[in-house]
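The letters A, B, C and D name the chains in turn, as written, and every chain counts its residues from 1.
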């Protein structure tokens, strides 16, 4: 980032320009509609938010409109599991024996590799892997749901809640996720019941946040594991880098290569159309636009992040 | 079949010889042990039974020891569905739109093709296909479970029951089948709940029969659709041939080619170690030996049927 | 077959009726066009031919128009290999260690299973399997090409030749087959060079025959292995049945289940639009209509065989 | 990198320590043996080399022993193609229409995805993708082989040659690569003959270099596209980052996630046991140890890079 754009006003202006460039791309995407709460999302919703390490916030458009974070919650779940792993190598070994950390090359909800690889999901960013992480959390947290809410609320700097309608709808349409959980169970790679794991998963997916809150919340992953708001270490330096590595290689499913190529930042997307991105040592970013490309990532969101990365020369490569 | 072996005593003798040849092969197989009721089966159990159209029965060894028929029930479920299909083309079209009739080339419990082919199982003889058939039966039978029991009891010539311990254990270990049912549901190819379909499925798998009863029960499929015991038509001539065709191409999973090659008769196997075979216009056959080959078919059973087919020149080819 | 249709005139009439019913289906198929010699085939070409064991021939339409037999040659190649196998168990063991006999569940030219299963083709009726059989023939015949021509000419009752233009074009467009042969070679499952094997393969595919000749030529497979024209045994009784079994389970690729279901006879199709069918102990049949269904089998040909089987009750099931 | 280790002597010492830690891991790997020239490699060969932007070189062990660079050449080929792409959007569009940039999730020599995805390789770092890049080079270079040698020699700072024995052996054992090239050709995704493409490919794989030379040669990819030795721009800043992104997500095949996780640097491995790594704005690195892990990457090489990255805090995440 050039120092001259580093001044707050200039970054505001640049975010507005990037937003103007990205917004029209939404027209070629499609809003997820497997549950009404998503299908009803206005495809013209849009926001780009960037929070610097010193707390300075830059936002455009609907920065304070909440939406379900969906798969972005997989990052927070993985962070929780890694906190536990940090406390004892037993958990770490168990975690990485039960879930891989390789890109899958397949869609996020595919069961093909899961069957071929004996119920061990490729990575924690696809659905099967996130269910597995939740199963681990149920083992090692007194109240995994409460731990997740507490972590996210702390990072967001304010209490976050769950969209009950979304959660209920997710639960009712979870056939594909139930299929995955049952398949893992059939290989002995699930220690809790499918219902217990699904309950935790649909709860975390239904956490309701804004782009402003998400941009704040992921900053610690770009800050060596320390939440810049509180100075509290959330995760060790090493594990923080590893979460970021998994986000880059796996966070946008079978478009991860495309994101690395065009954006060059660790990212994680959610089906409601949000994408978070990490700019190491600089800022947390979140963009939101509901219409998706075929891999399940926000289309205008990808355009915005590519543009932002190019304009500020943010690529980590 | 040569006329000289056609005499009852000679066929008895031949079955004994075939049994003697086949029995030792069991040593190289493995008894299914995913539920105790199967794992506890004595691997030395064996029986070969053949019932001629005139009712003459030939049996060896444990012909009156009952075991759960497991996947052999898929044949009876398909027959029930085809009876409904015979009554109206709507059911027929629905059935074959929702399940295929091609060999799968994959193991009986694989989800790979099911995902690739949008939730439409390859054929009614693999688990996913049988679950689909059960879903159809729940639509078109007042009481599908009762209809199944009534049909099997009529064909067996005596009341057959369910092994409750097996049924309960099957229900408790049905993760893989639940995965399949949920995957079909995710593609909109299931009209009842996963639990309803599974309940019917585990009930039919737990039906308890002997080789003597099974040899009787499948005769109508070798007799143009008419049960020779009662003279009652169970299925039309055309549909009967089609059930037999599906048994030959799909009834022994990814060993169907091997069975066609070596046995040359329509067969269906079950995981408890039984295999039924049809000798068109001559007899129904059932062999039982619990140890299985890797595809899930009885190993000594396959040897017995190959030997029987060769000795009596029974191949339909 | 009812005795009243068994009289020659009635069978002629029935073939005409079946042809009339089948011909229009060709409109929904597509002529293979990967080489000009196939793409130039008139989609309205049609013929149905049946030759009884006593030599009586029944034909309709273009029964004396030659076309390249293409994949139907795989049957003759397998028969040659089995003749060798009959002469020594070494060849038999080698053959079935290097090629399987299971339906593939995949298209005829797929490399997916070939890679997954370490270069061992699923069966001799798909392209990879036929290339493998040719490699075996090159090992065990002094002049495999001459042996093939001699066998086919003997069975056809007259000298058959090769369509040089087709052969040359096949050789020039054999990328997919070259890919398969190289993949098998990479697993060490090819003893001759890719070029040697391809040369034999494109030669056999380009053999030019008529439906009349093909109907004659396959009779021995429905006659216990004995050519009824000469009384000469071509193959042992057991192996003959096994060739027929492979034709039924694998001869029409991923539509083999459909053919078993609707036609109920061992069949083998070729991409020029011909299909041969065996009626055990009764006759050899060949139908020809160039437009294909997606699996690569003649569309009107399938309709004709279904209709013929239904009208004469020919299903082996 | 801490400034205190930045002093040349300290870095030398650190490389020695890292080498000592990594060397024993070689015992658990396996030297590639598909050609004698590789199989004959001494498994105890080892070297770690790092070249700073100012030209300071740090090396351990066998830093001046040449070996065939094998798949590391894919990076140079991609750079050449991108140079052409930089000169005209036509080439760029053509390139990325004919090859993807997503991790494959499959082994480097798999044909499964290539068939499923209609002959379009997933990325330029797997074999099929590299063959495709070579096909593009043959189109757009007057003499692709000479261009490749010139580029590599320029970057290495001295003339590099080809190991003729390796090249000949590669050509003779290229069945798997021939299978891929033919499969692409069958989908119309190859403009030159398989032989022409293979000739270029085996030549580049047989280029013989040392770890010292390779560490020098990849520096420009960590230096914004400018070769620090000459100050000449090899590639635009944007495209340079994109090459690095592809290396990180795809350069170590189906262990790319593991490398991102543990090493956190863009890497590319070769089957002779070398791995190059980029430390943005700091240095080019190369490690060599012939024994490989199952994905085809040097085992001790991976350990060395993990250790080096951890010790100097080099991860880009």
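Note that in this section contacts are C-beta pairs under 8 Å (C-beta built on N, C-alpha and C of every residue); 3 or more make two chains touch, one makes a residue touch a chain.
Note that the coordinates shown come from a computational prediction; the quantities given were computed from them, not determined experimentally.
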| item | value |
| --- | --- |
| Chain whose average C-alpha position is farthest from subunit C's own | A |
| Approximate Å spacing (C-alpha centroids) for the pair subunit A, subunit D | 31 |
| Separation of subunit A from subunit B, taking each centre as the mean of its C-alpha atoms, in whole Å | 48 |
| Averaged-CA centre spacing for the pair subunit D and subunit B, given as whole angstrom | 55 |
| Per-residue overlap in subunit B, given as positions that touch at least 2 other chains | none |
| All pairs of touching chains, each written as two labels joined by a dash | A-B, A-D, B-C, C-D |
| Subunit D residues within the subunit A interface of the complex | 100-106, 113, 122-123, 238, 240-242, 244-246, 248-250, 254-258, 260-262, 264, 266, 280, 310, 315-317 |
| Parts of subunit B lying in touch with subunit A, wherever the complex brings them together | 110-112, 115-116, 175-176, 178-180, 182-183, 185-186, 194 |
